[in-house]
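Letters are used for the chains, namely A, B, C and D, taken in the order the chains are written, and counting of residues starts over at 1 for each.
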Amino acid sequence: MELKSTTTFKVRFNEVDSMNITWHGHYVTFFEDAREAFGKEYNLDYMTIFREGYYAPLVDIHVEYKSPLVYGDEARAEIKYKDCDAAKIIFEYEIYNQKNNKLVAKGSTTQVFMDKDYRLVFYPPEFFVNWKIRNGLREV
Amino acid sequence: MELKSTTTFKVRFNEVDSMNITWHGHYVTFFEDAREAFGKEYNLDYMTIFREGYYAPLVDIHVEYKSPLVYGDEARAEIKYKDCDAAKIIFEYEIYNQKNNKLVAKGSTTQVFMDKDYRLVFYPPEFFVNWKIRNGLREV
Amino acid sequence: MELKSTTTFKVRFNEVDSMNITWHGHYVTFFEDAREAFGKEYNLDYMTIFREGYYAPLVDIHVEYKSPLVYGDEARAEIKYKDCDAAKIIFEYEIYNQKNNKLVAKGSTTQVFMDKDYRLVFYPPEFFVNWKIRNGLREV
Amino acid sequence: MELKSTTTFKVRFNEVDSMNITWHGHYVTFFEDAREAFGKEYNLDYMTIFREGYYAPLVDIHVEYKSPLVYGDEARAEIKYKDCDAAKIIFEYEIYNQKNNKLVAKGSTTQVFMDKDYRLVFYPPEFFVNWKIRNGLREV
């Protein structure tokens, strides 16, 4: 059972730096947009997590840049949920240039759970386990 | 009695666009930094306002761009509090290039007060009136 | 003859500040996105202007904030070209919350023309005059 | 011979998200600021590299988040140059909260060299080898 989502976006004028390529820092936003799209599609967005009583801050991000995006380029972000037993949400990302299907960047993020008092949660929250069951990643 | 404050900053690599000049949108941040510096100097920063029970969201911003800042330029932001009787905080700004003292941009912002339930406040909050008195803008 | 364009967008997680509303500085980007959409629809985008030998930097921006956008809100940006005889591009903007059609913000921007050596251009470039003719704003 | 540099910065209002902590994406900017400070101290900044005929785009960034920074926190970024024989610039970063000296984040970046036609350079440029010699990392 593979959970994945795809979004497309267009490089904005203000995302391009003086080298005429997309500034590397914006990929963090591209990843976040992909995560949002995934969250919306699979009911695991920030608001859902928050309503369940948790924050899910990032504790790790890794981006590898393969080829540049220039102003006006259309790109496609593919995000894949990578299941594990820990109280973590791990995603893998690939961004492609829509023009030639070339890999632009790849990477991963890891999120943990914190309760509303900002305390780290060591076991997967019940709502998250149920989410896995509903999505065929765990048996009841 | 004039209340004003001065800060300096350096243009970051990621603030420069593909025209090799500072992207116009970053001036909103330069203004905010100036406002922060003023707030810290005169005890009117976001946290102080928040502790008093209010938010002070912007309702108006105006920026006029006079000459460009390029990567690495050092600039000076001057902020001046413009007193009025309404429940508003109005600031005027001027940004100068430190190299040649040339005017880079000028502008203004207007903030209003909202209580913690996001309701607009029509009369100047007591803490704000006291702030004016303490700073010689009103008599007791 | 009215030239206008409409785009929609969704408020990103990272565009919301600690007051839980969209940080005011992001509206500059919302305006830019609207300008891009207009430029694409009417062939007056940055790349077209650049290919004609010009930059079109902003010299003035004004934003009035009417009601907040929160995380996840969908919004609609309407941009209208305001013709004038000077060597300027003036746009007016209105942003609405798609949920209730409430006005979120309005504003304007003014752009001038600079040649590739960053010199201000005092007369409307020929390509721009032709653009006006093609769009019914001037007679041949 | 260890080449390192230290900068301090203050968390801006607009860098804090709706969880009231610094949005993870801003650490890319904190790293860039540290890199700039290093570049200025050791003559390896973007402009120097550019004047020598090269770009030095990032090809890899990794950030681990250890503890949050909140609005108004003062932080210290330590950057260390990690020498290698390849045509790469590798840096390691640690960010600390000035208040309690707690580790806030750590990470690394890798940059490569491209010539002005955006072609990857496979051997360390001469100016970079000379830079290493001048800084005691290589013998003449």
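Everything that follows uses one rule, which is that a residue touches a chain if its C-beta (ideal position, glycine included) is under 8 Å from a C-beta of that chain, and two chains touch if they have at least 3 such contacts.
No experiment lies behind these values; they were computed from the predicted model shown.
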Remark   = Per mean C-alpha coordinates, the chain lying farthest from chain C is D
Task = Please work out which of A-D and C-D is bridged by more C-beta pairs in contact, and write that pair.
result = A-D
Task = Using mean C-alpha positions as chain centres, tell me how far chain B is from chain D in Å, no decimals.
result = 30
Query = Where the CA atoms of chain C average out and where those of chain D average out, how many Å apart are those spots?
reply = 35
Query = Which integer distance in Å separates the CA centroid of chain A from that of chain D?
reply = 24
Ask   = Can you list the residues of chain D that touch 2 or more other chains?
value = 13-14, 25, 29, 32, 71
Query = Connecting every touching chain pair, does the picture come out as line, ring, star, complete or other?
reply = complete
Task = Spell out the part of chain C that touches chain A in their complex, as residue ranges.
result = 12-14, 29, 32-33, 36, 45-47, 71-72
Message = If we count contacts the way the header does, which residues on chain B are in touch with chain A in the complex?
response = 13-14, 16-18, 20, 23, 25, 71
Task = Using the touch rule from the top, collect the residues of chain B that touch chain C in their complex.
result = 19, 21, 24-25, 28-29, 32, 55, 57-66, 68, 118
